[in-house]
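Since the structure comes first, as structure tokens, the remarks are kept for the end.
Residue numbering begins at 1 within each chain, and the chains themselves are lettered A, B, C, D, E and F in the order written.
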Amino acid sequence: MKIFHILFLFAFFSITISHASLNDFSVADLKAPNTPSGYPCKPLSSITSDDFSFHGFVAGNTNNSFKLGVTTATVTNFPALNELGISLLRMDLDQGGLAPMHTHPDATELLSVVEGEITAGFLTPTSFYSKLLKPGDIIVFPQGMLHFAVNSGKGKATAFGAFSSENPTTQILDILLFGNKLPSDLIAQTTLLDLAQVKKLKAQFGGSG
Amino acid sequence: MKIFHILFLFAFFSITISHASLNDFSVADLKAPNTPSGYPCKPLSSITSDDFSFHGFVAGNTNNSFKLGVTTATVTNFPALNELGISLLRMDLDQGGLAPMHTHPDATELLSVVEGEITAGFLTPTSFYSKLLKPGDIIVFPQGMLHFAVNSGKGKATAFGAFSSENPTTQILDILLFGNKLPSDLIAQTTLLDLAQVKKLKAQFGGSG
Amino acid sequence: MKIFHILFLFAFFSITISHASLNDFSVADLKAPNTPSGYPCKPLSSITSDDFSFHGFVAGNTNNSFKLGVTTATVTNFPALNELGISLLRMDLDQGGLAPMHTHPDATELLSVVEGEITAGFLTPTSFYSKLLKPGDIIVFPQGMLHFAVNSGKGKATAFGAFSSENPTTQILDILLFGNKLPSDLIAQTTLLDLAQVKKLKAQFGGSG
Amino acid sequence: MKIFHILFLFAFFSITISHASLNDFSVADLKAPNTPSGYPCKPLSSITSDDFSFHGFVAGNTNNSFKLGVTTATVTNFPALNELGISLLRMDLDQGGLAPMHTHPDATELLSVVEGEITAGFLTPTSFYSKLLKPGDIIVFPQGMLHFAVNSGKGKATAFGAFSSENPTTQILDILLFGNKLPSDLIAQTTLLDLAQVKKLKAQFGGSG
Amino acid sequence: MKIFHILFLFAFFSITISHASLNDFSVADLKAPNTPSGYPCKPLSSITSDDFSFHGFVAGNTNNSFKLGVTTATVTNFPALNELGISLLRMDLDQGGLAPMHTHPDATELLSVVEGEITAGFLTPTSFYSKLLKPGDIIVFPQGMLHFAVNSGKGKATAFGAFSSENPTTQILDILLFGNKLPSDLIAQTTLLDLAQVKKLKAQFGGSG
Amino acid sequence: MKIFHILFLFAFFSITISHASLNDFSVADLKAPNTPSGYPCKPLSSITSDDFSFHGFVAGNTNNSFKLGVTTATVTNFPALNELGISLLRMDLDQGGLAPMHTHPDATELLSVVEGEITAGFLTPTSFYSKLLKPGDIIVFPQGMLHFAVNSGKGKATAFGAFSSENPTTQILDILLFGNKLPSDLIAQTTLLDLAQVKKLKAQFGGSG
């Protein structure tokens, strides 16, 4: 009976099987040129179980001025996420640490606290929404919203997060405004910040002009 | 007056015409590497009327253990369907034939009976929906639902179908579960099927382990 | 052991089950006000197997000046197609019958001939693509293309079709141009048709002005 | 100068502000009738910081036959996720526990192990992909794939997960096949399972017929 | 012959015509509750030519501290744009006027200068892109980018713009940061701005705390 | 302190920065082969401010039989619009000029009159919608609708427009029907136009057959 089945399968699946990678999943070929819809797909024959798992989703280095460690698993280091619309984040904050004001223009973020206490929130043109979060609490930062997180407890704090994009981008406000060579007076003029304030932060964030 | 028109057309259409294939239709270049949004497009200059028609949408071979003949016209044998979100199916069932439990994870299927009698349906976590279909009857299997079709009449049965994808995939439950090398006891453990049952069907569907 | 399972199911499925209709399928409540994304959903508890099948997909009446019979199964008479992106068509042409030039602005159409001979094609700004189709042949009319079908054989012709929308619209060119009250001279001016031609067809298609 | 600003703001923002909830986020009004694109939005004036946070994302009850605890934060208990395309999951497995074969037809799942050891994988028509996961490891189950997870270590195991949908559905294979009233012989016929096997599992999963 | 046609039309169009508003256009019923995909549609029978045109797309009032006049035609004042994904903007700048740093999280903006000179640009994490624009020049601000425009010429400047959304939102950076009641020290901490700077701008933009 | 920041930035942005072009904007590499989702992206390192601006959005040549000048800024001459879903149009009409009946199958058009008087409208299967437009007036032509514009005033008329696609196509009805080699009698048969009318316009629009 097995022979019949195999004949049957050949007739029935010959087309769909050979292109299963296109529709059902697509492991990114990161060396191929990008397309607006994502990376081209690696051939199905070269894909193994290792492609679908990721190692090293552990605490990031917090030895920086924000006392902030960030570890991400996105399409650029986990190519199986190609076109799947999801990725993960782990955020570690030493005591006194914080994630400064930033946006993800192309992704909603869900942040779930697993250790410590974090005060987090986001800003809208008409209001702000913020919350003190403890283990077992989640906050959502809808796509494109300017948001922040501060370790407001004693000791370390850790949160797991998820993005609604396999390749989210991050725009830290200070880096946007002060990490470039746009003339300081133009920045002051269009932000209403004092020129001295702009120059002070430009020095701190590597900008000039 | 014709000369003026031609001058006009040159000014007005020079851009849009040269790229008509991008927006309005895109005949797949099946030899080019896939992208998540579909195949790259053949150049417009190489496209003829033959690209937009398909021959051989006739009864498939039913000489197999399911007495099931399936003929499909999808992007992989009808490249003009690229990115158009639709494809066709013809199913022929000899007396006693059936299409075993399967899903199309990426497409809804509409099935219209033109000859004979077919009992078909799909399963949900809370219920099942099935129907005895005669010529002039249609059934819909919403995307991702586990479904089946059985020739429940006397004599042959034929149905025409359509998928809401130009490249639908098919997952036959038995092949998923029993056509692989995943250890039989792991399958038994996670399906609650008896180990003997798993081993019996593994033998039938070409699996091992 | 069954008791444990039921407890488990309650914990695991309590949320997802009650809203299964939202994500997995949505039978349209045609009496509710439309939304841009489709009709609101009927409650899951009121849905039966009958909702997922359609009766009467048979030859339409060809007793009209085009000798054309059209039967469609779309969301408006088959509410289970809501938001599923697919619908079906049956076209019957008596000898000498035809489907006049028309477009479906929001759907690709696949047409499969099952009886007789049909010459069909579509027009683009730079070319036309047409074909003589016999049983077993399929033609695709990509979304938005102006197309036609003519019974070019002896005797009747029948074709089954599918649309890549659950609610396709049809714009017959003559009805667009000549079935309205837009002044005839404005139509003549913007189509370059002779005024007498416009007036003649306005009389035929119920227009005025 | 403040007065001028306020006048300016009135002119510039009067439209956009009043409708900010539509585009930027939409907290679901779960009591309103569903639409295919999600729930209607609560009025912006009634939204507070509490809407954007969730409490109780802790270990679920594992006192069931699978020794499996599942806690989810989706749009149905966290309405701010409406239309945002993301939700979270926490899975706890006692020693010997497992998540049986199931699919999420409408969502990709990312699962990150934080305690214990989990063997997890998914099945395709041509292969299977599975992995032994330890803390710091992630696995991806692409949308619609049949997958499983087994606590293969000593002691408890915990994983955090994320779905690429705010309202994912879960289809456990045993419940699909054996929790309904579809006649046992029809199930046996279309799955090739032995009739006795079908009847045995129907008894276990609450089905009949 | 006309009678036949009318019979034909009844058979062929009876379904599609009655629901033309759903698929082809949807004039928003602004008084109905929002849905995530847009406003419900006004009934086709109540729609007239006036619904598809807009009056008053003229220079806005520049009598404010930014010397900036903005006039928009979006779905909230031009309901026919519902679900069409486009809207228009007219920006007038008196000499010395400017549009301060802001983003449109949900729309790309194209800005075409018709009078005067405008220096405009946007910021990214790694660079900035800006340009002096004269009549006949266009600049694009891709979706979500922080951007600005300054009248850098002598005399007035006017630009016409377009958004890739029928309902774009605008987030002026100063209003986001300084128009709310979030504690000033938390803002200073998460933006690295000096506390005095934060308090000064809070006073100017109506914030407190 | 700056050194710490730079270390921090390296850790935090190393992934996202290198791929910013994929998600946030994508300047088209017009020499690369098309994909259905748009052109592949130029490398971020080669992009300058000049990529985001366009020059020459001025009156087009009206020296043709329609007295119509059209200037467009779309992805094919303004590659930064790649995948952004928007483009611009400028239409100039000499006295007596007009834009003949045409459709944009893949884009809605918004047209804003800045000089002169224009009568414009579109046709549906059940009605027509048209309006006399003066400076400050806008009309919308929803996607796929057959529409026209006539200079109905004294002197020139100018309008700025926008399309909801970065790469809209234009189908002028006369060119579709009469610019090809489809046999004249087949056109007459499927449009109900008189054969002499078809042949007359074929001569004018460069068709044959």
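Everything that follows uses one rule, which is that a contact is a pair of C-beta atoms (placed from the backbone, for glycine too) under 8 Å apart; a residue touches a chain by one contact, two chains touch by 3 or more.
Nothing here was measured: the structure is a model prediction, and the numbers come from that model.
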Next on the checklist: More than half of B-D's contact pairs recur, by residue number, in one of A-D, E-F or A-E. Which one?
Outcome noted: A-E
Checklist entry - Just how much do you need to spin chain C so its Cα atoms sit on those of chain D, in degrees to the nearest 5? => result 120
Checklist outcome for this item: For the copies chain E and chain F, the interface residues, called same if over half of the numbers are used by both and different if under half, are same
Next on the checklist: Based only on mean CA positions, could you tell me how far chain D sits from chain F in angstrom?
Outcome noted: 42
Checklist entry - Roughly how many whole angstrom separate the Cα centroids of chain D and chain E? => result 35
Checklist entry - Hey, what residues on chain D touch two or more of the other chains? => result 13, 16, 20, 24, 35-38, 105-106, 121, 124-125, 130, 143-145, 169-170, 172, 175, 204
Checklist entry - Inside the complex, what are the residues of chain F that reach chain E? => result 13, 16-17, 20, 24-25, 44, 47-58, 73, 78, 80-81, 84-88, 108, 110, 112, 114, 121-122, 124-126, 129-131, 133, 135-140, 142-145, 160, 162-164
Item to check | Complex interface listing, chain D residues touching chain B | outcome: 98-101, 103, 105-106, 119, 121, 123-125, 127-128, 130, 143-146, 148, 150, 169-177, 179-182, 186, 189-194, 197, 200-201, 204
